[in-house]
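One chain, subunit A, links the two complexes that follow: it is found with subunit B in the first and with subunit C in the second.
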Partner chain A sequence: MLQEESDLSLIIAQIVQKLKGSNLYSQLERQAWASLQRPEIKLESLKEDIKEFFKISGWEKKLQNAVYSELSVFPLPSHPAAPPEHLKEPLVYMRKAQGSWEKRILKSLNSMCTELSIPLARKRPVGEQKELLNKWNEMGTDEPDLSLFRPVYAPKDFLEVLINLRNPNYENGDSLSFRTHLGLIQVPLKVKDIPELKECFVELGLNIGQLGIDDSTQVPPELFENEHVRIGQKVLAQQDSAAAQQYIRQGSPTALRAELWALILNISSQPEDVLYYEQLKTNVIQHDLLVDSLIYKDVKLTASNDDYYFVFEDYLYQVLLCFSRDTSVLSHFAFNSASPPKSYIRGKLGLEEYAVFYPPNGKIAPLCFLYHEPSKLYQIFREMYVRFFFRLHSISSHPSGIVSLCLLFETLLQTYLPQLFYHLREIGAQPLRISFKWMVRAFSGYLATDQLLLLWDRILGYNSLEILAVLAAAVFAFRAVNLMEVTSLAAAEAVLADLSTLKVMPLLQIFLFATVT
Partner chain B sequence: MAGKVKWVTDIEKSVLINNFEKRGWVQVTENEDWNFYWMSVQTIRNVFSVEAGYRLSDDQIVNHFPNHYELTRKDLMVKNIKRYRKELEKEGSPLAEKDENGKYLYLGLCVFHRLMFSVNIPRRPVQPWIMILSHRFKKCVPKDSKTSSFVSQSNKEAYVISLYINNPLLIGGRKFDLRLYVLVSTYRPLRCYMYKLGFCRFCTVKYTPSTSELDNMFVHLTNVAIQKHGEDYNHIHGGKWTVSNLRLYLESTRGKEVTSKLFDEIHWIIVQSLKAVAPVMNNDKHCFECYGYDIIIDDKLKPWLIEVNASPSLTSSTANDRILKYNLINDTLNIAVPNGEIPDCKWNKSPPKEVLGNYEILYDEELAQGDGADRELRSRQGQSLGPRAGRSRDSGRAVLTTWK
Partner chain C sequence: MSRVLVPCHVKGSVALQVGDVRTSQGRPGVLVIDVTFPSVAPFELQEITFKNYYTAFLSIRVRQYTSAHTPAKWVTCLRDYCLMPDPHSEEGAQEYVSLFKYQMLCDMARVSELRLILRQPSPLWLSFTVEELQIYQQGPKSPSVTFPKWLSHPVPCEQPALLREGLPDPSRVSSEVQQMWALTEMIRASHTSARIGRFDVDGCYDLNLLSYT
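Coming up: the complex of A and B.
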């Protein structure tokens, strides 16, 4: 008990420390000072009165949301003597792997620079700055020559790195047993099995109403939908992050989704935030990074050709270009094993650091369906990236990290669909090779937009990406009959090529709760 | 029941021909005995013209109404709508209510004002206007007083002046319009179906209302045929969104009520336009027609009717497009030619629910009137058009609307 208490006080102290530096703190302070004018605040009971005032005016709620938000990203308590790298990633071999992966990316970037004689970063001349400012809203229409730019890496390369991960302390012997993992991932991380997943995702159960199932046209709205919408509106009125997170496990009504996500991610659009975004925009105008061209090329290839997202092409450029210059994102990497390659701006201003991230553009486009104000869109994207999506691009042992997701997927398939798994393996179509690209993009670009948003509702609700692996397994289960008949990797790919007609919630429900195990 | 349906067409499009062939229909020429003729608008003119003396037999169906131009020619549409409004006003119908500025509250459907022969732009237009060619025609004078033949004298053009919507709803900074397909099987009683899979067509360049851009065809006109020649036209997706995508976007960013209201208004516009021309339309029982409705939405989420096409394009710009148009024709034929058998134009034109495919009943006058006249008054006024207006598809009634 004593240990728990001291852990708790440590956490409290750390959160307080963190919040003291935040905007909320100064706002609360201001409010407290202003409240002294109010008649109900008396000197004798100053502390109590101010607390009461905060409760009534909604400021306590805001503080609550902020604390809750910090808790969601806080690492677990650890030994006081643990070094910081250990906090980020406890397993040494994972750290090493991530380190060498990063070095590889940087090397690739540098060699591209040398090849094309383009600096990694440079300051733009004034004329060019003006030009860019003018066409800020239509960057999609400009078509510089990008043929020489290669993407830094493809998902396939990343998969190869993950496949080659080995724990040097683990030796499972040469003898095959029923325990042998037949998949591609060969590291012994703990992943959940279906009974554990059922416990974890209990709100997706068969007897609980869901949006994505119980709001279809055949079901009268009185049964579930109307009440669910009402509750959603109440949650928003209360502005309670924790309640919103619980609520959204059953899906979010389309009209409430934008606000609910903002509440859960604890994003409120203050003037300072808009200013911050404008600052980033200025950075983009002033400096040209090599990665900008990569971003440009990536967006052109993917989003521009997508049936749903092509409309938002210009927003994607704006957000990504700003994002690649956002140093505040770096602070969140204190909790992640990744340290993204940094590049340095040459110039008289001295060295300024800019981080170089691999453009995750697929994850922004669906957000454009919810937020059309650029700085809000930017904030939401940034928060989603630092909470969830970065884990899809880096090597770590975190349960929501891509390694764990891959292992979870393969384990689920092998355990619950052994015949299918074995068959696919025999024909040279390891299932992970097909599903990897879905998971690494969080299914963006593969599912219909409304289905994708329902899926991401649950990511936010459960604060975990595990559902991506479960969905991937559920898709294989759904198409099992056809897959059993194919005889090549290409044919298997063809069966799973088009996910745009799938309804994710029934698939998840059936796989978790209605499959005989 | 004997024999296969014989079809003719003068529009060589694969989406049509594939649909005929998959039903096992037999292609013939127009001089032979045919059952089904998918014709262009020029041909329909000839078929039904007085000189041709064509008489269609009971087992022959064509895909146009003889005087469809009452709906598709802009000046005539205006005339018909104005007449319709006046009639409603005379009846004292609440639909014809006007606001304090004399503007119709519920019947301000479309952007056109009628104009013939001369240009009469208001001196200081508050909003920009554009002139749209309504139609070309030849002005004819009688050859001589004894005969009744005419000789064409000069080529004339008739224009309508259109209110220019300079505050269109923009998505991703781009202007777009909606293309919706509406099938009419009979005008009296009015029975029409709306295709669920309509789509939005986007401009490739960003919209700016500045006047210097007014000359840039690509910004303002969204017809695909014109967009294709713009530099930024993308061949893979053709700048289209499904209507359900649009709905998702609007519900997410603007809320459910206003989105439902928007879609209700769109259905309203379509039905009113059809009702307006129904009295003057030649309700030939050999005819059905599939119209392409072009609608634009302004930034207050009010829809405006731009035009109605009697011969919506069957060219496909992308693979998805081809699939959509193929299915459109498929569902249309299922409704117009029941069971794919040799048609009998005397049938009651009431297909069973199962064959509708991606169509849903937009308005069925027979069913609506069967409900009794008292429903008429309960229409636009007090009724809130709730979410159910777009929902249950079980009954065969006018399910897309809560009004009759």
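Coming up: the complex of A and C.
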């Protein structure tokens, strides 16, 4: 009991410390000062009267949402003896692997710098600044020469690093025994099995209404859809983050989705936020980074060729270039196993402000369907990256980290589709080699957009990426009959090449709740 | 509560195994670590802190003096405390752990020796132990706060000047002053951990290479 109380007060102290620097704190202060004019606030019971005022005016709800969002994002305080690296990642060998992976990327960037004789960062001359400002909204029309730039790494390279991850204290014997992992991932992380997943994703059950299943044209809307939309509007009127997160587990109506996501991620459109975005935009215009060219090349290659997302090319440039200069992203490095790269400015140590990540443009594009205002789009993307998507690009033992997702996928397939797994392994088509690219991009670019948004609803609702691994296994289960007949990796990839016709929710429901085990 | 580190001597771990250690195939699943306190008199144990390394279950026995005349006896104070919920997977394998007095089965007065019994039933791990072991006893009570001089030795009150209107109610005034003092204290004490957001040094952001360290 004693321990729980001291843990609780430690958590409270941490959250208070974090919120003190936020916008909400100064707003609450201003409101409190303004409320002193009101007649019902008396000096002797100042504290209680102001608290009552906050409750009535809705400010307490905003504070509740902020606290809830902090609890969801930041990990629990750790043991006092634990060093900060331990908070990032408790397992030493994973920290080392992440460190060497980062070094590899840095070496690649540095060598590109020296080969092409381009500085990593430089201040733009005034003429160039003016030019960029003029064509800020149409950067997609530019056609600079990017042939010399090559991508820093591809998902395949990252997968190879994950496959070679080994725990030095683990029995990695050569002989096949009960302890050998049949899949590609060889680290013994704890992953959930289907009974545990059923418990975790209970709202996806067969007897509970879902958007993505129970809103199809054959089902009369009075059965589920109308009521669900009504509840959604009520949740938005109450402005309660926790209720919204619970509600969205059954899917979000298209009309309410943009607001619901903003509520869950606790994003408000204050003038300060627009100003912050403008400040980032100024940084982009004033300084030119090497990464900009890499981002540019990557967006050109992927988004402009995509049937759904080419219209958003200009938005993608704006958001990504600003993101690479956002220092607030650094605060999440405290609990991410990655570290921001450093560099020296005129002999003094300066922090390189861009995380060396795989350009996440694939994850911005679907957001463009929901948000049209650049600063709001930027905030939503940044919040989603900092909460979820960064875990797909770094090596860690977190249950939503890419290593755990890969292991979860392989374990589910082995346990519930053993024949398929064995067959694919025999023909040299390890299933993870096909599904890795889906999971690392959170299925963006592979599913139809409305299905993707339904999937991301659940990611927000359950605050975890495990559903990506479950969906990957469900896709394999769905195409099992065709896969059993293939005889090579290329043929297996061909069977699974086109996912754009798949309906996500029925697949998940069948795999979790309706498969005979 | 303050705590004081007790200097201890941790003996090397001894594996308990049935049969001949050299010829048997398997690895030992039980290790015993003895901890002695050579220069310290029997003390009251407050806290044990360590870093786990793939140990699944921990039992602790203490040798304590119950009274002045009887010899010291071994008592089990912790039985099969679970450090890894699933011995075959990595959960909890490298965590920092603290064990407190209130979690123990017996009282921890007059402890002279400690014995840690580590168990790891899973054959998957090559070795297991606990590291960075630290034992704490109760520290002295926190030093008393010294009051400012004017609070403990109030100035003898002078004759108050005559007021035109009636005196305000003293209890009301004192409660208001108390509230305001509390508010000013809070404002003074608050500091934040938010970042400012500048990344350039003196307006310059010319970088040439990333550093590897």
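Odds and ends about this structure:
In the analysis below, the second predicted complex is superposed on the first by the 490 of 517 C-alpha atoms of A that agree within 3 Å, B and C clash if a C-alpha of one lies under 4 Å from a C-alpha of the other, contacts with A are read in each partner's own complex, and residues count from 1 in each chain.
Rule of thumb we're sticking to: a contact is a pair of C-beta atoms (placed from the backbone, for glycine too) under 8 Å apart; a residue touches a chain by one contact, two chains touch by 3 or more.
Keep in mind it's a predicted model, so treat the numbers as computed, not measured.
Annotation: superposed three-chain arrangement on subunit A; subunit B versus subunit C shows no clash, the two fitting side by side. After overlaying the two complexes on the shared chain, residue contacts for A:209 are found with neither subunit B nor subunit C. By the touch criterion stated above, A:312 is placed in contact with subunit B alone, subunit C being left untouched.
Which of subunit B and subunit C touches more residues of subunit A is settled by the count: it is C.
In the superposition on chain A, A:506 makes contact with neither subunit B nor subunit C. Contacts of A:138 after superposition on the shared chain: subunit B is touched, whereas subunit C is not. Vertex at subunit A: the C-alpha centres of subunit B and subunit C lie 160° apart in angle, rounded to steps of 10.
Of the two partner chains placed by superposition, A:155 touches none, neither subunit B nor subunit C.
Contacts of A:449 after superposition: subunit B is touched, whereas subunit C is not reached. In the superposition on chain A, A:21 contacts subunit C only, with no contact to subunit B.
By the document's definition of touching, of the two partners only subunit C reaches A:119; subunit B does not. With chain A used as the common frame, subunit B approaches subunit C to a shortest CA-CA distance of 30 Å. The touching residues of subunit C, counted against subunit A in their complex, run 49, 51, 53-54, 85-86, 88-91, 93-98, 100, 102, 123-128, 132, 134, 172, 175-176, 179, 190-195, 197-201, 204-213.
Remark: subunit B residues 171-174, 202, 204-206, 232, 234, 236-237, 239-241, 244-245, 248-249, 251-253, 255-256, 320, 387-388, 391-393 touch subunit A in the complex.
Subunit A contributes residues 2-3, 17-18, 20-22, 25, 43-44, 46-47, 78-82, 86, 90-92, 103, 106-107, 109-110, 113-114, 119-123, 167-171, 179, 187-190, 276, 279, 287, 325, 327-328, 330-331, 341-346, 348, 350-353, 397 to its touches with subunit C in the complex. Chain contact summary for the complex, subunit A toward subunit B: residues 137-138, 140-141, 217, 221, 253-255, 257-258, 304-308, 310-315, 368-372, 449-450, 453.
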